[in-house]
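Please read through the structure below; I'll follow up with questions.
For clarity, chains are labelled A, B, C, D, E and F in written order, and residue numbers in each chain start from 1.
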Amino acid sequence: MKRIDAIIRPEKLQHVMRSLRQVGVSGLTVIPVQGRGQQKDTTGVYRGHAYDINLHPKLKLEIVVSDDFVHRSVQAIIDAAQTGETGDGKIFVYNILEAYNIRTGEVDETIDELNR
Amino acid sequence: MNTTTALNTVWVILAGALVLFMEGGFSLLEAGLVRTKNAVNVTMKIFVDLTFGVIVFYLIGVHLLFGRDVLHLIGFWHVVSPSQVAPSAFTLFQIGFAIATASIVSGAVAERMKFSAYIVIVIVTCGLIYPISGHWIWGPGGWLGKGLGMEDFAGSAAIHTLGGFMALALAYVVGPRKNRFNSDGSANVFAPSNIPLASAGAFILWFGWFGFNAGSTLSATDAGLSSIALNTLLAAAAGGGSAILFSMYRYKVADPSMTINGSLAGLVAITAGCAYVAPAAAIIIGLVSGVLVILATGWVDRIMIDDPVGAVAVHGVNGVFGTLAVGLFDVHQGLFTTGNVHLLLVQALGVLVVVAWGLSTAFGLGVLLKKTMGIRVTSRSEEEGLDIVAHGIPAYNELERFSDPPGFSMTQFTAGNTEPKEV
Amino acid sequence: MNTTTALNTVWVILAGALVLFMEGGFSLLEAGLVRTKNAVNVTMKIFVDLTFGVIVFYLIGVHLLFGRDVLHLIGFWHVVSPSQVAPSAFTLFQIGFAIATASIVSGAVAERMKFSAYIVIVIVTCGLIYPISGHWIWGPGGWLGKGLGMEDFAGSAAIHTLGGFMALALAYVVGPRKNRFNSDGSANVFAPSNIPLASAGAFILWFGWFGFNAGSTLSATDAGLSSIALNTLLAAAAGGGSAILFSMYRYKVADPSMTINGSLAGLVAITAGCAYVAPAAAIIIGLVSGVLVILATGWVDRIMIDDPVGAVAVHGVNGVFGTLAVGLFDVHQGLFTTGNVHLLLVQALGVLVVVAWGLSTAFGLGVLLKKTMGIRVTSRSEEEGLDIVAHGIPAYNELERFSDPPGFSMTQFTAGNTEPKEV
Amino acid sequence: MNTTTALNTVWVILAGALVLFMEGGFSLLEAGLVRTKNAVNVTMKIFVDLTFGVIVFYLIGVHLLFGRDVLHLIGFWHVVSPSQVAPSAFTLFQIGFAIATASIVSGAVAERMKFSAYIVIVIVTCGLIYPISGHWIWGPGGWLGKGLGMEDFAGSAAIHTLGGFMALALAYVVGPRKNRFNSDGSANVFAPSNIPLASAGAFILWFGWFGFNAGSTLSATDAGLSSIALNTLLAAAAGGGSAILFSMYRYKVADPSMTINGSLAGLVAITAGCAYVAPAAAIIIGLVSGVLVILATGWVDRIMIDDPVGAVAVHGVNGVFGTLAVGLFDVHQGLFTTGNVHLLLVQALGVLVVVAWGLSTAFGLGVLLKKTMGIRVTSRSEEEGLDIVAHGIPAYNELERFSDPPGFSMTQFTAGNTEPKEV
Amino acid sequence: MKRIDAIIRPEKLQHVMRSLRQVGVSGLTVIPVQGRGQQKDTTGVYRGHAYDINLHPKLKLEIVVSDDFVHRSVQAIIDAAQTGETGDGKIFVYNILEAYNIRTGEVDETIDELNR
Amino acid sequence: MKRIDAIIRPEKLQHVMRSLRQVGVSGLTVIPVQGRGQQKDTTGVYRGHAYDINLHPKLKLEIVVSDDFVHRSVQAIIDAAQTGETGDGKIFVYNILEAYNIRTGEVDETIDELNR
């Protein structure tokens, strides 16, 4: 089982969710974040002072999937979230040691079993 | 129309508009003090007051309250309005008072009462409960006011005591919010969602109260008008001030919810006596009420009745205190000012009657609702919050989580194609 | 100054202050209903109404509207103000009305119009469009009002229908927000950012409306003043009430945005007739308008015009309905009350003229702006939100993300050293 | 009471209520402009004005200001109130003015002053500092007003200049917020927590200002009343408008905080002259003040005084400008209107006196507080935010993090069982 | 050292914290999130349109513990957060390579050492 | 490639960002969190009840860096975020299996390549 972290533009959320659902992934956790990467800073103004807006609002999606879902999930995210301009975001994949379903109290090896 | 009548009418219309604007104050105060997931619901309940409450009081309540007296107990049909002011101005002003009574209740039952049950409560409160006891105090020929000489200028008893004790009974019937009290009787803190909104509500209420009290002259040429307004201000200031000091002494911090409620307590307490007491007495009444509201909040917790906004402590307890205080400080017949105890006894009787009436009618109504349509949302709905359950939308939406892309999941409603909701 | 004139003047000044305070209501209502990233922008647009709009109407508009009549079509220079009230009070009151028209438009084009384009629209609306059609209805010698006897007491047609249909035309020209409509014509939900703020705005609007309608007497000694205020309250209550019930029937929940808009719809609809109809008629008008606003919101969606706050449904549709309703319920010449159809026909003609005038001028202005300075922000700016793009700061800042440490990135602006912005 | 006196009294009471409602505007404005962690604290400081300030001014201040004149320097005991209005209405109205002065100060020292020190400042301001200089300008026999003929109709000098320069001195004594200025003298941006709230505050202030200026007639039959109100509106509109244009020119965006402050600057600047200048002059005064407030905000930053809400620029600088502007534009004795320089010199002297009085008394008081009870919270408290430290609760609570389960950690307070807090 | 991610119902926070404390774990980080899993969508209504509420408010707890605390912590969370209905949440366990205490600047192998 | 999680005091954000930039790290994601560790609870008061404020506002920074940047990044964070008082925060380092750039759709082994 792996965890995929995808940092995307906020306005792409529903596209990404739909795209993921089409490859059979529906469980996920969404976190509003502020991020900084390649995207150019914008300049804000407040009371006569310019300031760098050096953090941009993004959404972070955490998606746990079985090993053989990783690549199609990553592809689904890229397909739905890409605009080609800086600020599109990044995807990182992590290993998971163990997983539990709180409702059933069970430990399982694949997220599908987990979702029973 | 002659100039004096015109002036009276304009005054009463403006005062009435101020009283109606107080609904906005109730809405903000409650939205700020409840948890985020119920902020829409409390606002919507104020809209119920301003819609159902207004119409019902206009069609029924005002006749029961100010109609021709029947047996000193109830009014019937033709509204007897004071001659110096246009009848429709009088009606408008009285509507504002009636729905204020309902709004007092709304806060105490917040976060767990069914929306539909609240609609019924507003209809019965504005249509029956308030007009009947109101008639006793203010109606032409009412047995407490006209009969015994009870003094309740702008309604510490008729509005606030009634609303506050109805709130107590209904909060008891509907029961405390989940996890609010522990098995050992101790209370948990449910943090208020938005204090700047709550205090904005308090400022609006304070502003509107000038209309509430000074407008109750129903006449611009009333020589007492301006000292009523000044007394109102002084009592509110004293109430807020003593609440700040007492909370700093007791809790080592100046508690904002207690400060807000202290000011409101001062306003409630001076409401009966604003026309009858001296400014110095107004300050004393305010000072006491600011302490009283803090103590009373503790009492209400201790009897394990859950009142999220403190309506019982503010309106109930200080309504009683304010009504009694007239018996103490009235410049002509007060105990402290003249040594005469008669008025105090009348006031005490009046308060007892109103408390009993408020508790019993609200309790009866609550139990009836519980047995029939149900008065409380399910435990699951309470956890989810009434905003989603009864109104379909959360109060604050930062995340654009509902903007579904083409063909995703959006369906236009047509009547009938949805599951019944618990509202 | 004699007492009666003084009273009239004080009344009109206070009513005018209430009408101007409605701008605060518009601001909160819109800031609550749009998405977070545009909440500053809608607020700033209200400031444009209160600044550019006020000055332009004072310098130009008021003369075109109330100046000496030329050919029943337009006013010229010298403002003809009613004799019973001080001229500057009259002017102040009328300024409030003019900018309300602009504020109606602001909501419908929210979240995607260029700020600079909006400034031009306000200037043209307050300086030309509104004063001209206003003259027809309210001007000395105007062909609709003085000529044909059209009745529009406080402006269901002159203000709300005009503003509502200008809003429709401009929302059409500027186009819907990105992703608001799907290719199959269905609409997506863009969740409102802050419902407690939106309802606070509604309460302020309701409060101000007492000044709007009752203040239109322009005289405190007008015998109708208090029944106008009462009608206003009853229609608003009925509108909100029927919207609550209809949304509970249709959607199984009491929809807060529909409740707010139902109350406002009642207020809009009674604005024309508040001085001419009986209280029972006011309630009926309100009840209808609460349902109408829900239906109309659906119609506007179905023709794929994107109106984030429902300005078209509230002001446009109910402005038309309210104007026609005078023809039905006027106590002296209404169809239902007297069987006489004449007034209804006049009202219908008046409404047609105002709708046509509003749609055509706003459409023309919109197209002109589109072709010259541009009317819509770029797609990128729309996604980022107008708060940052046009005003340099987001509405809500929880994170201290801008407090740069010494020498980090802060530069004091001096004129000219920055990139041009799309404003 | 005769109709004229009644009308005057009603007018002054309503105007007074509007002025007192401005406190709600101050609260929202400040809560919106400071950082989230201090939003409760600024609101609570407004409650201090409305409680301690009200009582102290009622008990002491009003006597020093309007009592029988002693040596043209101070009032003593018996309040001399204008004959045309009820004395208690006069007192109520004046209370609103006194606490407005304190509220001006509150914003400038936000986010780092000790709450208890602020209470002392309010007491001394409303009880001594303001009444004394106020007596010079407005008191019966005051040396500046009655003596030299200084014109300050509603208090550009007596209220705003005084409050603004007291704010400057106290902001200096208390020192800037941590990290606000860099070692090289440049300033950092501390983002405002909630702009829609801040602008709601501005709308309320604007609304209340009609009471502030037009109410200062203290008579409804004053022929100037309505043109005072109109001038007030025009100056505010012009101030906001020129701030929008100037910020668009200078910063390429329409800066919301500058727009708000531009409108308020227009209001401050017209406050002295609203009864003495022509509408065209009101527009000019407004236009200048909108630019001035932007420039002044920069100056204050450059001298490294930290004024989170811009009180010095809005009230101080524009109070001075507005007072001088009377000397320029007064229709009877202005330099530009009549070529006569006398009034301008008197105004300049008056302004100098008020600036010196405000700076010196506030500086002295600040230093005294610093040396005794302490004027500033600890660095740790400042970082944590005053909401938790002085009031025990954050402004916004989304997370239900305080709802402890049974027996977890909740303890009901009893007096004395807690650690002393820094308040 | 391991990191435990627990996604729970918001109203269970204090119960879980207490339960964790009883097994000796008190350090943790809480993040408000929106999640989607087995829990049925609710239907919202806004201005005459139904919409799927396909993300539900949850809290994510990140808890770093020494290896031998993992299982008792997981059990403590399950005990306190379980209601038996869908939406109870999930627990995931990750490996940690290194850990530092900013205050002391030290690197350590167990969270207990870290907390000195 | 590794991911560094740093939990810091909110007021230290810009210092840490600057410090990181000086060692060549500019990409990062910031999440507002509530945390509990060694820092003493403060006591709040609301309506006459004391309550433990047992969660303190913190910021969590997630920073993905190439392997040889890990230690200098950790040091940079510690340098900028340390005050010496409890509540300064913790740093945890995780392994990353794969990383993608949504804009380019590419997978890469170092974050530098990723940022092209």
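Quick note on the criterion: contacts are C-beta pairs under 8 Å (C-beta built on N, C-alpha and C of every residue); 3 or more make two chains touch, one makes a residue touch a chain.
Model, not experiment: these values are computed from the prediction.
Touch-path distance (fewest steps) from chain B to chain F is 1. By residue number, more than half of the contact pairs of B-F reappear in one of the listed pairs A-C, A-D or B-E, namely A-D.
For this pair, chain B with chain D, the centres built from the Cα atoms lie 32 Å apart. Put simply, the C-alpha centre of chain D and that of chain F have 42 angstrom between them. Inter-chain spacing, taken between the CA centroids of chain E and chain F, is 18 Å. Residue positions of chain D touching 2 or more other chains, listed in rising order: 3, 7, 14, 179, 187-189, 191-192, 194, 200, 250-253, 255, 257, 298, 301, 391-393, 396, 398-405, 410-413, 418-419.
Taken residue by residue, chain A touches two or more other chains at 11, 30-31, 34, 44-46, 48-51, 54-55, 94-95, whereas all remaining positions touch fewer. Residues 3, 17, 26-31, 62, 64, 94-103, 105, 114-115 of chain F are the ones that touch chain A when the two sit in their complex.
Remark: chain B residues 1-3, 6-7, 9-10, 12-14, 16-17, 20-21, 23-24, 27-28, 31-32, 39-40, 43-44, 46-48, 50-55, 58, 85-89, 91-92, 95, 115, 194, 197, 200, 387, 389-398, 400-407, 410-413, 415, 418-421, 423 touch chain C in the complex.
For chain E in complex with chain B, the residues that touch the partner chain are 9, 11, 34, 42-46, 48-55.
Every residue of chain C that touches chain A in the complex is listed here, in rising order: 179, 383-384, 388, 391-393, 399, 401-402, 404, 409-413, 418-419.
Only residues 3-4, 7, 11, 14, 18, 35-36, 179, 182-184, 186-196, 199-200, 203-204, 206-207, 210-211, 214, 220-223, 225-227, 229-230, 233-234, 236-241, 244, 248-257, 259-260, 263, 279, 283, 298, 301, 396 of chain D touch chain C when the two sit together in their complex.
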